[in-house]
Amino acid sequence: MRNLPVSLWIGGALVGVIALAALVSLVWTPQDFATVAVSERFQPPSARYWLGTDQLGRDVLTQLMVGARNSLTIALVAVGLGGALGTALGLLAGAKGGWTEEIVLRLADFSFAFPALLFAIMLAAAFGPSFANAVVAIAFINIPVFVRVSCASARQVWQRDYVLAARASARGGLAITRDHVLPNIAAIVIVQATIDFAGAILIEAALSYLGLGVQPPEPSWGRMLSEAQTLLFLAPQLTVLPGLCIVATVLGFNLLGDGLRDLADPRREKAR
Amino acid sequence: MYKIRNLSLSFDGHEAVRSASFDIPRGARLGLVGESGCGKSITALALLGMAPASARVSGSIEIDGQEMAAAPERLWRSYRARKVAMVFQEPLSALNPLKRVGDIIAEPMRLHLRLDRRAARARARDLLVEVGIPDPEARLDQYPHQLSGGQRQRVLIAAALSCDPQLLVADEPTTALDAHVAGRILDLLKRLSETRDMALVFISHDLEAVARVTEEMLVMYGGDIVERGPTAQLLADPRHPYTKGLIEARPRLDALTLRADGAPRPRLASIPGSVPALADLPKGCRFAGRCPIERPACAGLRPAVSVLGPGQRQVRCLAPLLPAKVPA
Amino acid sequence: MPFLLRRLAGLVATLTGISLVVFAVMNVLPGDPALTILGLDSTEDARAALSAQLGLDQPVWARYLDWLGGILQSDFGTSYAYRVPVTELILERLPLTLTLGLLASILTIALATALGVFAAARHGKAGDWVTMILSQLGIAIPAFWLSILLVLLFAVTLRVLPSGGFPGWAEPLEALKSLVLPVTALVLVQASVLARVTRASVLEVAKLDYARTARALGLSPRRVMWGHVLPNALVPMVTVAGMQLAGLITGTIVIENVFFLPGLGRLMFQAINNRDLYTVQALVLLFASIVVIVNFLVDMIYLLIDPRLREGRS
């Protein structure tokens, strides 16, 4: 491919590294992530502990890898669920128009009014902090964006001549949505999902930092940071890597999203 | 007043305007004609020292004896509005939507003439009267979107006139307006030029509009001024094949009288091909490749300017057309 | 005016909707609120006693109306953990959160505008690139990690600023000092997004004809930028600014916990850990309402900026 946007390369590389670490952690980690060995705590990097150990003697690299897995899983499932539901609602609104559209869009507007992080905190408070509840909360706050994006693009597709022709030949709304609308809005939905992925990672990190996300002993970057913060004077090095992982992942998905958007809409790129 | 000598404007080494030379005497009305991309708009911007930053400017622009081609932006700024002002194509987008009409007109006066608020407002009202806007007092407090297209263009003209410039550059000022309104704006520009003894450079691709407003015209193609002369003569008796093509391409309603409006014209039909990109222009005569009477030498050799008749008319062509047999 | 009335009606509807959602999520969906408060290890009897005490034997809608009616008289119920009216808890901690939020909002807008205009004015040059790369990083940094890094630098290493806690308003200078790092962390993150939007918007407007008209009338680049380009660029900026302020307000929840600042966010966190249902419920409603109202006010700024909107076009 010629002339791929630079952001696509950098973003892809960052996401690739983190995703690889997460995948590898499924089959192999340097140490067991739950093993506590207080005698081994605060070890500097060595052949055994590549990135050293934390206050409980756990291997930092292992924690980071499994943390990547947990972060990405939550983001993937949550954005997948929220995106699917939101897109379905948006497609429905775009196809039906009229009252359906009005109601769906109004609901989306309303959900927008509720700040994402606050909503997630509220759910965690009501249902108790857990992996699953973090997924549900993040999935939920992702719905309205996808509703708006898919509805707006679906409506444009519905105005096009070939769709009007398909309607004239008495094809059903579902068939037209499947054959014409969905393929046309796929690109924009994927771009949106990529960008929302970054947001999901940030919210998950904040939830975990507050102790409302992934629960111990499962490692997560956010909780690694909140634990490291209490040891700031003792072992400041522990605050560096989990934060860098979050930044790399969020930056990666943001850049990837920017790059994909430029690919999907070359006019935008030219306009820059 | 304005003396332009060998003015060239180039982008990445490609000349968008190639050693143009002309004068703009006080009170003169000069038409600048050509298809889009011929270099007329950028020439106009250069008259205000507003050529794009990416353009390399060479040659001389002399205003009242002051050499301006390489003048610093600060000096140009003090000339704008006071010596030279410009009216643009789209009257709605050319007016700041968030400012009241009165403030738009008053701002240059407060800045350049150091008028206080009341004096500037009074002059703004007088200017609105001068450009023919009814109920000027009420208009001063309105916003651009509340005015009609023609009124917006008049407001823009009023703002341009606010500091009594000696030259008004009008770049396709009527293209966005409907025919009837456009005609009245053309008449306004002509009248303003006469009553204020103000020079006017009128840029258009519309020959009727140019004929209606100007006394003299320059025809541009590919950055070259290919022909110049008194407007009526030049239209009646074109000597450059491009000018002839332009004239023949306009829709003819009546062979003798010119249409009284400035309506936009469809693309030129009688000239084959289209204007090449800047980088693809021929080195010699820019019109080579599209010219119906092209000779082998044309593409490689830039024709010199020939002076025709008593000296008022010039043409840049190796083989200018013969005089048409027009009844005097 | 019809625009204003429509927006006001929308505001009331949204606030009502939010109260419904908050009530439903906190009271109805999880099942027994007494269980939420007392936890799974509580006895049946204790839960029944608490239910009666909280009036949970009434139907759901009656409880909702009761709660809403109380709120309208600024009565948020009694905190189960602190045994004092929730309103009292909130009023006690509101000034700190308000100061933090306001300081951060003002600085965010100022910094973002300055950076956005700076980058746009140097479009394509080094200054633009550096600003854009830094802002891309700023968007990706979680505010709480940035806070930790700031603490590491200014509190642990340089020892010029406190690492957390709040000395109270009795010592204004010390109080402000303890807010420096929290505000910085909030501002740097939120201003990154806004600066990018500002830059894009300014570039868009600067291409427009009226910017050229202003230049052609002899206005200086500075005057063109601040008098003509920026006011127009503000229009799209305002929407994003509204969303940024929402992010900033919820950001204070996290930041207060990073720096152990006894504000509403810290209170919320403690209330969640104490299963203090009414306090959590009140705080969620309060934060969400502040966000909605801020966005409403931001919408009103449109009316001030853009005369086209004042005529009732929506």
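When the chains are written out, they are named A, B and C in that same order, and each has its own residue count from 1.
By our rule, a residue touches a chain if its C-beta (ideal position, glycine included) is under 8 Å from a C-beta of that chain, and two chains touch if they have at least 3 such contacts.
Please read all numbers here as calculations on a predicted model, not as lab measurements.
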Among line, ring, star, complete and other, the chain touch graph is line
Of B-C and A-C, the pair with more C-beta contacts is A-C
When centres are defined as mean Cα positions, the distance from chain A to chain B in whole Å is 55
When centres are defined as mean Cα positions, the distance from chain B to chain C in whole Å is 53
Chain-centre distance (mean CA atoms) for chain A and chain C, in whole Å, is 22
Listed in rising order, the residues of chain C that touch chain A in the complex are 14, 17-18, 21-22, 25-26, 29-30, 36, 136-137, 139-142, 144-145, 148-149, 151-152, 156, 163, 246-247, 249-251, 253-254, 257-258, 268-269, 272-273, 280, 284, 287-288, 291-292, 295
The answer for chain B against chain C in the complex is residues 48, 50, 77-82, 85-86, 88-90, 93-99, 107-108, 111-112, 143, 145, 156, 159-160, 162-163
Seen from chain C, its contact residues with chain B in the complex are 208-210, 212-220, 223, 227-228, 231-232, 305-308
Chain A residues touching chain C in their complex are 110, 113-118, 121-127, 198, 202, 205-206, 209-212, 222, 225-226, 228-229, 232-233, 236, 239, 242-243, 246-248, 250-251, 254-255
